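These are the structures in question, set out in turn.
Each of the next two complexes has subunit A plus one more chain, namely subunit B in the first and subunit C in the second.
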Partner chain A sequence: MKRRKIVDWVFSGGAYCAVAVMVAFLVLVIGPVFVKGVGAYVFRGTVENRRMMLEQFGRGDSVAVLAEWAEVRRARQPVYDALRAFEREMDEMPSARRKELRAAFKEVKEGVAELLGPEPGTPLPALTRRIYGQTRWDRAKVKRAHILFEEQWDYSGGDGVRVLVPRAPMFEGTALALVFAVLEKDLEGLLRPRLRFYPQFLTDRSIDAHFFGGIGAEVAGTVYLALGAMLIAVPFGIVAAVYFQEYARGGPVLSFLRSCVNTLAGVPSVVFGLFGLAFFINTMHVSRGKSVLAGALTLALLVLPTVIRASEEAIAAVPRTYKEAALSLGAGQWRTILTVILPAALPGILTGIVISMGRAAGETAPIIFTAAVSVGPLVGLGDVLSHPTPALSWNLYNMCTEHEAADEIRHVQYGMALTLVMIVLALNLAAIFLRARVTRRLKG
Partner chain B sequence: MSEQTGNAHVTAVGFSVFYGAQEAVKAVDLGIPSGEVTAIIGPSGCGKSTFLRAVNRMNDLIPGCRAAGKLMFDGEDVYGGNIDVAMLRRRVGMVFQKPNPFPKSIYDNVAYGPRLHGVTKRAALDEIVEASLHGAALWDEVKDRLAKNALGLSGGQAQRLCLARALAVKPEILLMDEPTSALDPKSTARIEELIVNLRGQYTIAIVTHNMQQAARVSDKTAFFYEGVLVEFAPTSDLFTHPKEKRTEDYITGRFG
Partner chain C sequence: MRFAREQIVLTAGERRRRRAAAWAGRAVLFAVTSVAALAVLAIIFFIARDALPFFRQCGVVRFFASNAWYPTHEPPQFGALAIFCGSLIVTVTAVVIAVPPGILAAVCMSDLLPFGARQVLKPTIEMLAAIPSVVYGFFALVVLAPLMQDRLGVSSGVNALTASVILAVMALPTIVSVSEDALQASGRELREGSYAVGATRAETLVRVVIPASVSGIFSAVLLGVMRALGETMVVWMASGNAAQIPKPFFNLFAPVRTLTATIAGDMGEADQMTGSAHYHVLFAMGLSLLFFSFLCNVAGEWIVARQRRRMRGG
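For the complex of A and B:
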């Protein structure tokens, strides 16, 4: 008796532990993604952000922004003046001293250009990202640190240790000392950070490889691909499930087909990607190159086993007595399936569909070769048959690994990750909600 | 319709049903008289359900089940090559052991059959639904909640709904396989009352384990034993003067 109690206790304790570990894991994984991802939608934006928004998106109160811009320019003028004064000063220095300072000065000058943007009056750079200073306060502080400190590596202890050496002492007594002082004390005056809500991040086009703007094209691509995949997979999946459950009479053909479906479920997704390229694009020529259509077809193939299985389970769970009742009233097999079996199986089928949709939205490998491009405009609904599209999953990966300035757009990467997680989460919640609703309707 | 009494509506001649190699109904000769109530009794596993489900070919659903011999329904060979099974089932209504309403509204349950057979006009459907529910003595209880889901009905109400659903396609014969075995005594009494009321309008065949029930509702009784039709006689005769020893043993409760 006592032993039973202990065993019970151990088992329920184990269950609680498992749940706790799972929750902790979720919090650990989703937590940072959430916190950092929110930074894409809500952040401290500088005057450069407001200026960029006005010029690139035509958003904001132009009079107010221009007035603010004029004030900020006045505040920045001493910095630019000091840079110029130091250049003249340098010309008069003894050459040894000049050599010593030149490299450091160059970095400071470039740093200021990155931080505040090009000096007004100088020709505009070609890249949009160079036209503006730092639009985000968090990035501005990082850039300031690059100006104020020189990064050095100390190898005296064996392993390299990063040390930050202040540059100000090197320039003490020169005109440049003022730049360091202003940046240290009055960066806010130069950039005017203000809290900014940017919900349009979800729908805006991106500018200059995601330096500015939002992820509208990626979101649209993901939605197209996921919906398209379901549009193709659901009819096939349900018909296949009906066949397996209601028509097939056992035998070798059925078990062969079943093992085909099961194998399909176990194939790594990258293989689907290659297959999609080889079959849909190179053999069937559904489009001249990558396209949303080819990607949706490939994803449909990927989720087909899930849809079939979920539908089969749902159909199998429909009480046989419903079927008997319908048949006894003179319904044919198809009528029975359409009017009684499928409606009763709907909750389970819906759940399978929505979960598959989440999967299709998140998959990366199948669309690399068939649908996804790293940079591209928002694809219109009329172009889905022939045009490739950016998509959250692929562009997230791409921007973390291939982007030339991956460090500078962490907020976009996390914003994309959060958006993708939220889309999948929303789909799963929708599944639960739909299921509850339909079940309630069936149960009365 | 007493003038029809005596004509067999369903006639089995040397009729057998097999589940694979097992013969569940063995060369039965039986005529179910038109317009009367015929009870089928017998111990568990003797083939009562199997025989009943042969009449509307519900056994077709069971893999490996086949029939031999002749089974005629209204002059047509039920297992003949050119019979329309859906049409046959439309003419042969069935009420199952466990109430099995669809997970739809009460109205849609009753309207299911008529809709299936092409009635689409709302007024016509309304009429059929009301008449069928009256026929099953359910109208007064559900007339205010026709749009509610049928799964919310009590067991007895659900069984009467199933009866109404069967009546709505205007069958010629009603097959009932232990229609009251899942019901409480009060609901059982109501169903029995209904059967008595429907007598004459429909040919009724009812499988039951309840001897009193058979005695109360039926005109004739068939006693099955191990797949064989042992005795078939007017109910009063069979229960008072069984000709066969096995029948006597069964109705006096010596086995089964």
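For the complex of A and C:
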């Protein structure tokens, strides 16, 4: 008896644990994406950020920014002077010591250029990312650590262990010592971090492969693709649902069509991409190469089964009495469907549409070969028929695997992930509320 | 009198006209529905059409039996055995990880939790299912893989296990949601009968409720398999993409390469390689994926049909 009770407890406990684990997974995945993704919209921006915003986007109070920039330049001058002085000092050193210090000095000098930007007065670098110093305070602190410490690997214990060795002692007594001291104590004075809200991240163009600016082109691409897919899939989906629910009378043809729809639902998403490439682009030539249109057509096929099923469920949930009342008043089948059944089923159909739209917005594999490009300008509404577009999902992949400096723009990646998740979750939340309303209304 | 009669009774011509209109409407509906439904046949046809040149050129046996995958060598070799194995390993591991907690969670939701908690949990789980796979892949690559590398001392954080764990998390919501529906559908009388003869809750669930809804649970597992097998972004980002069979084959810390990831990764320069054997081999892989998912579908439908027959038989 006692054993049975214990087994019972263990079983129930395990079941509760399973649910807890699942919720924990949700928090674990969404948590970092949310916390760090917010960092793309709200962060501590340095004076470099304000300068970049002014010069590239024409935002901010130009007088104030320029005044601040002048102050900061004065504060930075000792650092640049120290670098210069050390270069002169190095020329007079014994060659053994010079050799020893040269590599380290080169790293420090490059580090300073990355942290604070090029020294005023020197020719401007070609890449926009090099024109400015670190625009974000969190990145600035990382760069400072690269200057202050040298990363070494200790293999004495077998596996390599990362050790950070301070560089300052190496340069003790030279002019460069000042640089380390200033960077350690007064980095805030050199960069002036201030909290910055950057909601325009959502709509701004990107500058220099996402080093600066926002994700406007990607957001627009995702919206085009999702809306386009729905525009194509919804008419087909609703018509098919009406046919299945109101017209079809069984038989082998119907069951064949039904299993076709079921099979379509099970096709892997990457196969849709292959099909889009082989059919829409290489056979139908809807566009020369990838385009938003080809991507939307492919995504439409992908969400079609979901739209059909949701619409069918919504139509089936309309009480029989509605239909019978309409028919008894003398309305024909057409009129009954158009004026009674579809309006009554509309919220349910909308729920399905909204959920499918979230799916279309989040899919990556089908658009790789049909619509997505890694870098591209914002696509205008007139170009959707012929131009490929960047999209949130594809560019998130591309930026965290293939971008030359993926580590430096993690905040943009997190921002993209957060934006994508938010778009999808918002659509799903809307669907949940819609569904709750439908159930309430059908109940009474 | 004549006036009213004309209003109610249609002339023969009018009746014919209306009947023709109804018939035409029906035909249009049927045509549109057919287009939507038959799209899947077009998919199979076009994938097969582009896969055939590969089989004709390079042979079927080499494709399935050799694991020399050197598509860019001269001459290229297209042995996909290692890639099939990669897909198999990742899918099976993901399902093995996901099914036990999935069924337990479904049991918990249908039989243990109060109604209110279920009302909250069910949409939450649907949300979990809605998160785009590329975000899961991003999480695997940026958060999970470095963590594994640092904590477990694995040489590379992107390997079969990372991909499987994330796939399992992605398959969980589907498995839970569908099994929960199946458990709910098995009915109250069954449970009450079992309690009435003195069984505990665990005994009722394990011996009565779960066996009664086993076909629904099985289709849930099949859906999970299909989701894991067809998933692209996560495996592409988190599995390591090395076309080799791990040694030994159960070494989950080895990087693997899957069908979906190969298609997505190698088609990158699709525009330039249209028509080459490398292009067609990817369609051959797509065709294999289609075939597997079709098998799963048929199995699923067979189970549902069998269950329906059984229920009807009493």
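Note that in this section the second predicted complex is superposed on the first by the 408 of 444 C-alpha atoms of A that agree within 3 Å, B and C clash if a C-alpha of one lies under 4 Å from a C-alpha of the other, contacts with A are read in each partner's own complex, and residues count from 1 in each chain.
Quick note on the criterion: a contact is a pair of C-beta atoms (placed from the backbone, for glycine too) under 8 Å apart; a residue touches a chain by one contact, two chains touch by 3 or more.
Remember, it's a predicted structure, so these values are computed and weren't measured experimentally.
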{"item": "Combined model on subunit A: subunit C and subunit B, fit or clash", "value": "fit"}
{"item": "Partner chain(s) touched by A:247 [first = subunit B, second = subunit C, both, neither]", "value": "second"}
{"item": "Touching partner for A:57 - first (subunit B), second (subunit C), both, neither", "value": "neither"}
{"item": "Partner chain(s) touched by A:149 [first = subunit B, second = subunit C, both, neither]", "value": "neither"}
{"item": "Which of subunit B and subunit C A:236 touches, first, second, both or neither", "value": "second"}
{"item": "When both partners are placed on the shared chain, which of subunit B and subunit C touches more of subunit A", "value": "C"}
{"item": "First (subunit B), second (subunit C), both or neither touched by A:69", "value": "neither"}
{"item": "Which superposed partner A:332 touches (first subunit B, second subunit C, both, neither)", "value": "both"}
{"item": "Which of subunit B and subunit C A:262 touches, first, second, both or neither", "value": "second"}
{"item": "Which of subunit B and subunit C A:80 touches, first, second, both or neither", "value": "neither"}
{"item": "Gap in Å between nearest CA atoms once subunit C and subunit B share a frame through chain A", "value": "5"}
{"item": "Residues of subunit A that lie at the interface with subunit B and also at the interface with subunit C", "value": "332"}
{"item": "Subunit C-touching residues of subunit A, taken from the complex the two chains share", "value": "4-5, 7-8, 10-12, 14-19, 21-23, 25-26, 29-30, 32-33, 159, 235-237, 239-240, 242-244, 247, 257-264, 266-275, 277-279, 282-283, 289-290, 301, 304, 308, 332-334, 355, 358-359, 361-365, 368-369, 393-394, 396-397, 400-401, 410, 413, 417, 420-421, 424-425, 428, 432"}
{"item": "Residue ranges of subunit B in contact with subunit A within the complex", "value": "56, 58, 61, 63, 86-87, 89-90, 92-94, 96, 98, 100-104, 112-113, 116-117, 148-152, 162, 165-166, 169"}
{"item": "Residues of subunit C defined as touching subunit A within the complex", "value": "18, 22, 25-26, 29-30, 32-43, 46-47, 49-50, 100-102, 104-105, 107-109, 112-113, 121, 123-128, 130-139, 141-143, 153, 169, 172-173, 176, 200-203, 205-206, 226, 229-233, 236-237, 260, 263-264, 267-268, 270-271, 274, 282-283, 286, 289-290, 293-294, 296-297, 301"}
{"item": "Subunit B contact footprint on subunit A (complex, rising order)", "value": "249-250, 319, 321-332, 335, 339-340, 343-344, 441-444"}
